[in-house]
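Given below, in the form of structure tokens, are the structures.
What follows is a pair of complexes built around subunit A, which joins subunit B in one and subunit C in the other.
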Partner chain A sequence: MAVLTAKPPVRRSLPQGAARRAVGRNLTAYGFLCGALICFAFFSWYPMIREIILSFQSTNFVDPAQWVGFDNFRTVFADSAFRSAWLNTAAFSGLALVVGYAVPFVLAVVLNELRHAKAYLRFVVYLPVMLPPAVGVLLFKWFYDPGAGLFNQILDGFGIPPLSWLDSTSTALISLVIVSTWMNLGTGTLIYLAALQSIPGELYESAELDGAGLFRRVWHVTVPQTKLILLVMLLLQVVATMQVFIEPYLLTGGGPENATVTVAYLMYQYAFNFGDFGGGGALGLMLMVVLMVFSAIYLRVSRDNQS
Partner chain B sequence: MRTTSHRRALSLLLVAGLGLAAASCGSDDKPAAQSSGGADAKVTITVGCEPPKSNPKERAGWEEDVTAFQQLHPNITIESKDAFPCINPDTFQAKLAGGTQEDVFYVYYTDVQKIIKAKQAADITPYVGSVKALADVRPDVKGVFADGDKTYGIPRNNYNMGLVYNRKLFTQAGLNPDAPPKTWAEVHEAAKKISALGAGYTGFGEYSAGNTGGWHFAASLYARGGSMVSDDGKSAAFNSPEGKAVLENLKQMRWDDNSMGTKQLLQWEDLMRMMGSGKLGMMIGAPDVVQSVNNDFQGKFDDYGVAAVPESEGKASLSGGDGYMFNPKATPEKIKAGLLWLEFHELTPGKGQFNYERAKAQGRPVGLPIPDLYGDSAPGKQIVALRKQFATVPVEHFTPYVTAQASITNKLEPPKAQELYAVLDVAMSAVLTRKDADIDKLLADAASKADKILAKNS
Partner chain C sequence: MTTTLNPPPLLEATTPTPARRGTRKKKDKGRGYETRSLVSPMSLQTWHGKLVYWTILVVVVIGFTLAFVFPLYWMVTGALKSPEELAQIPPSFFPKHFDFGVYADAWDQLQLGVFLKNTALYAGGAWLFTLAVDVTAAYALSKLRPFFGKLILGLMLATLMIPPMVLLLPTYLVAKDVPLFHFDLLNTPWAIWLPAAANGFFIFLLKRFFDSIPRELLEAAEIDGASPMRILWSIVLPVSRPILGVVSILSVVTVWKDFVWPLLVLPETDKMSISVGIASLSAQMPQNVLIASLVIASLPTILVFFVFQRSIMAGLTAGSLKG
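So, the complex of A and B:
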């Protein structure tokens, strides 16, 4: 790369021969890139393409697959759990935005304002992320236990009657959102914190000189300065939460009365419980299309951010 | 342009990468080469469900059996495949798709008909005539692996549902553990007394999530004489007085008796864990539950007993179990060799899984009334005698279950079992989590959904 630095700093185009030489000099880099591309092709793109194909096929993985057009889509449309799954997924994402989007930002602002024990508190906030998701979820299973669970014991301490948490159609979904928020809190907080720390200190100093208090500083300096990262995180949050699976799978099995069945969970049921990979593929494709819309917005936003 | 040439180079790499991946994934799973050798031609078969290394006693027994079998049949090599659990629904299809499915693969009864309908197992009808032991196997057990006049597998284990109960808790609650409940009214009474032992004690536990709720609904329904589907299998039949009785009974125990605890949405492991912890009085389950509670959930054999499912006198009980099927791509030679192994290891009294003398010497539990493959036939009597001779667990704890077998018929799971169980989870979870659940509506809704499922491709 040292050779490259000897070149003029700005060159809009290269003659044909020079381009070839430039590629030749970077062969090692391309070699590394090739490995990564093969891994992506093998583990990410191929399964994705296979899944799209599967959604239009009926297969038993023994005989050649049969093309069935939109039959798999019709099957999952006709399933009464289909509507519940989409509504629950949308509700989960919505609730996760209300709870899971605001909390890390507030936490990051508070951490950023702290003068002492910053590193320690950052570590404490990040700690849940290090816990394997299954462990975190099972920990909450105990917290939510209607009899001896931690949460009901706390409520009891305040003289509040116990809640059914996971066992009630009205509280089950929000209970899952709480678990999800807790498990992902650390990552969001750290990203926000990094964004906050890139804001020039002079802006805050000027604001302080103008007599702005904490809330005015946050509103007039922090929010405008982190607008893009907030938007990117919002989109990432939507994409991540719409794929929610592990929480309903481990905590509620989609119940009670389908109140926590999500698209990803239904997809799993079709593929692995019912042995209908076509139906599972159809659901996966529908989810993918929805997520692609959000991903496209995300890419657009991050491109604007870079420019 | 520099960027253009870079893009071109990248595109080439991308295409090459995709090509490589496609080449590695797209290779056809050609059927294994057809062997043209005679009866003694060398053949190697892969067999699933070798006990894992974490279970050294059973593993040692298996290895001993493989050696003994290979001495009897020097032309056959057994390649055992260690897996725990023996079958994982998540990997079954992937193994088939990837061509790594064993020649002789392990399967639960629940999945057998689904596998047959999907043509994911070999038709072994032309070869099973050589398995002499099959003549004595209970017809209903053989029927699990049959579709019309064709056979697709060999059973390894068979049982039907009963009532598993904690004898220690019965005694603590002032109940007689030697006289377990026979009716649901008696279950209610016992459950109330057990729950009254204190906080954390649950009289009766039931599933309602992850398809296990629907599974146990079927078990209770069969015991009451009900059916999940019509005789032709094309429509739901559980919206019946028997089905209603199942849900009303649970609703009463949950909300009127307060004997089912407050924690619901339980799935397979939850009740096992509760049983193992010694705080659960009763649950629907077969003797294998006791084995699991003892092996995996810190329970002690001595503390548990099994009786027939309440209200099941003279009626049917949902049967369960496991067995082996054959890879649809296995050659006739592999199928024949596999059948020889299965006859030796799974069907011969005193050998393989029925080698109770060895099991006792290894300190493994002997005496559970399962597997019951032969019923009252000669091999069945021989197995029962051997089990009694080498028993290491209190066999009398299972007497109520064994006695009831004479009048109970094994009843198979319904077609599209998992789909129907998923539908019935909704009804089960409703009555166990909502006091005002409308049972008539729940059953009507479930039946309507089940009709659609059964109508599809039936």
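So, the complex of A and C:
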């Protein structure tokens, strides 16, 4: 009760020493932070602003840059490759999702059931991920070779006529999806595998007691239990595949007949082949807006997961 | 399960657990497995279950080997074949004679020595910069807690939401003519090192780890008169070895594997990284020499994977946050 009757403590400003210490602490902290602040300012934060400026300016890096409003966007829209680029990018992402998203999940479910050779299988599935992407892509370029390439030789072994892989408009994009999937499959598989291991066994047990067969157990236990990671991986996969560049750059150069031009590749071409950084910037900004939507959903999902 | 967003599983994943393997083996000899999964251990006891299990196991092992190891076997042996043998139909499974001379040719003709040295310089420097910049930043944000610390961390994490490809052109322009200073970083290692250090994901990982270090430990040192630098060096860093390992491997491997950025900022042939160098010289090379150089280029990362498997896989589950 004595507490209630006691006078409330008088509010005083911090003693001189404490204030000085707080300032000192902040100075030290910013000293530690300055390296990161400089790196981020120049190579992350400023480029974001610069990207927006770039797409509304015309610049040749000799004369001062001119504001041109939406001119860059108009130029890009009028380009016949523009439509192909977006359609190809969407098709690439779609195909990569069908293969690159579903297959790792199935592989992970199967791997999780195996009691033997687990370490070997995990190691092997991740091996292509460790190859430098340029090596993987050039390796597949050789496999796709229409003459003595490995793939046509294998088809030949089964009595199937050879395909022209990268040289035909109908197969070129799929060939790119195959390389990309081969190189990235391991990541998804191992992440799913980690997620599967956290599912409590009792859930399967009770589902089985209720008479659920194998596929119903996968559908009613495995999928709901890994729903969040499935969603997160879906979004990450979309964001990653929509940036596809190295495959068209090294394998096809966007051909044949623009069949493999992607947005990122067209952006590169505008800047470094046509010398039009404004047009490239406009493409980059459009891609950024589209991908930010997916990123925002991803952020939302992972934050919900955290709480 | 985004392990990234919860520190405990991450910490678990990054600290080796050697005891586990032994206990599990012991349990296997008993009734079966301590935790069941999709298929019940009972159904694996029947001969029918065993048959299905072994069939699937064999199919999976063979399938994985064909899909993921065979292309690498084809690459390593392809380099040993002569150009005529490479063009031959049907192809030979084993090379006719082992002539490792082509690897030496690749080394000389493609100046792989120069490319490898460059790449090592870029990756090594990026590693040092990343550690120096990101560790100090994470330490400041986690333990010194300055004003606006949360805002700065938020801005750093926000960069993860913007895919690197869309900022390619403006970042290139920055490297070409750094604002305020007007340095031209093209064809210098700085163009690789500085952007590599601006990694919000590493800062996030490190900060979460530093947050878990008990405050009393640092306060005791502070009372003993240790400076913040000294506390970082003598207390924080030694206990953070697991996470430093993960960040180190990830940063080196990322720089080593990168293609687009070095392609833009290191256009001079003598300055190229190995990936860019091989890709840009690939058209002029005989096929077997090119394939030999692919093998040489992939050896470093594959070796790193052999040695640091555990940390890389741990970093992978942590990496599921990265966009």
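The definition used in the following text is that the second predicted complex is superposed on the first by the 259 of 307 C-alpha atoms of A that agree within 3 Å, B and C clash if a C-alpha of one lies under 4 Å from a C-alpha of the other, contacts with A are read in each partner's own complex, and residues count from 1 in each chain.
We adopt the following convention: a residue touches a chain if its C-beta (ideal position, glycine included) is under 8 Å from a C-beta of that chain, and two chains touch if they have at least 3 such contacts.
Just so it is clear, the model here is predicted, and its values are computed rather than measured.
Enquirer: When the two structures are overlaid on chain A, which partner does A:D63 contact: first (subunit B), second (subunit C), both, or neither?
Expert: first
Enquirer: When the two structures are overlaid on chain A, which partner does A:T171 contact: first (subunit B), second (subunit C), both, or neither?
Expert: A:T171: touches no partner chain.
Enquirer: I'd like to know which partner A:A148 touches here: subunit B for first, subunit C for second, both or neither.
Expert: A:A148 contacts both subunit B and subunit C.
Enquirer: Answer with first, second, both or neither: which of subunit B and subunit C does A:F277 touch in the superposed model?
Expert: It touches subunit B and subunit C both.
Enquirer: Comparing subunit B against subunit C, which has contacts with more of the residues in subunit A?
Expert: After superposing on chain A, more of subunit A is contacted by C.
Enquirer: First (subunit B), second (subunit C), both or neither: which does A:F40 touch?
Expert: A:F40: touches subunit B and subunit C.
Enquirer: Contacts for A:V23 in the overlay, against subunit B (first) and subunit C (second): which applies, first, second, both or neither?
Expert: first
Enquirer: Should A:T187 be classified as contacting the first partner (subunit B), the second (subunit C), both, or neither?
Expert: The answer is second: A:T187 touches subunit C but not subunit B.
Enquirer: With the touch criterion stated at the top, can you tell me which subunit A residues are shared between the subunit B interface and the subunit C interface?
Expert: 30, 33, 37, 40, 42, 45-46, 50, 147-148, 271-272, 277
Enquirer: Sort out for me which residues of subunit B touch subunit A in the complex.
Expert: By the definition above, subunit B touches subunit A via 1-2, 5-6, 9-10, 13-14, 16-18, 20-22, 24-25, 89-90, 93, 96-97, 111, 114, 118-120, 199-200, 208-213, 261-265, 267, 328-329, 416, 418-419, 422, 425-426, 429-430, 432-434, 445, 449, 452, 456.
Enquirer: Residues of subunit A touching subunit B in their complex?
Expert: Touch residues, subunit A against subunit B: 11, 13-14, 16, 19-20, 22-23, 30, 33-34, 37-38, 40-42, 45-46, 50, 60-63, 75, 78, 80-81, 145-148, 162, 164, 166-169, 251-258, 269, 271-275, 277.
Enquirer: Which residues of subunit A touch subunit C once you look at their complex with the stated criterion?
Expert: Going by the criterion above, the answer is residues 25-26, 28-30, 32-33, 35-37, 39-40, 42-48, 50-51, 54, 109-117, 120-128, 130-135, 138-139, 142-143, 147-148, 150, 153, 156-157, 182, 186-187, 190-191, 194-196, 198-201, 204-205, 208, 214, 217-218, 221-222, 226, 228-229, 232-233, 236, 239-240, 242-243, 245-246, 250, 264, 267-268, 271-272, 277, 280-281, 284-285, 287-288, 291-292, 295-296, 298-299, 302, 305-306.
Enquirer: Which residues, counting only subunit C, touch subunit A once they are in their complex?
Expert: 1-3, 5-6, 28, 33, 35-40, 53, 56-57, 60-61, 64-65, 67-69, 71-72, 74-75, 78, 86-91, 132-134, 136-137, 139-141, 144-147, 149, 152, 155-156, 159, 161-174, 178-179, 194-195, 197-198, 200, 203, 228, 253, 256-257, 259-260, 264, 274-276, 278-279, 282, 287, 290-291, 294, 297-298, 301-302, 304-305, 309, 312-313, 316-317, 320-321, 323
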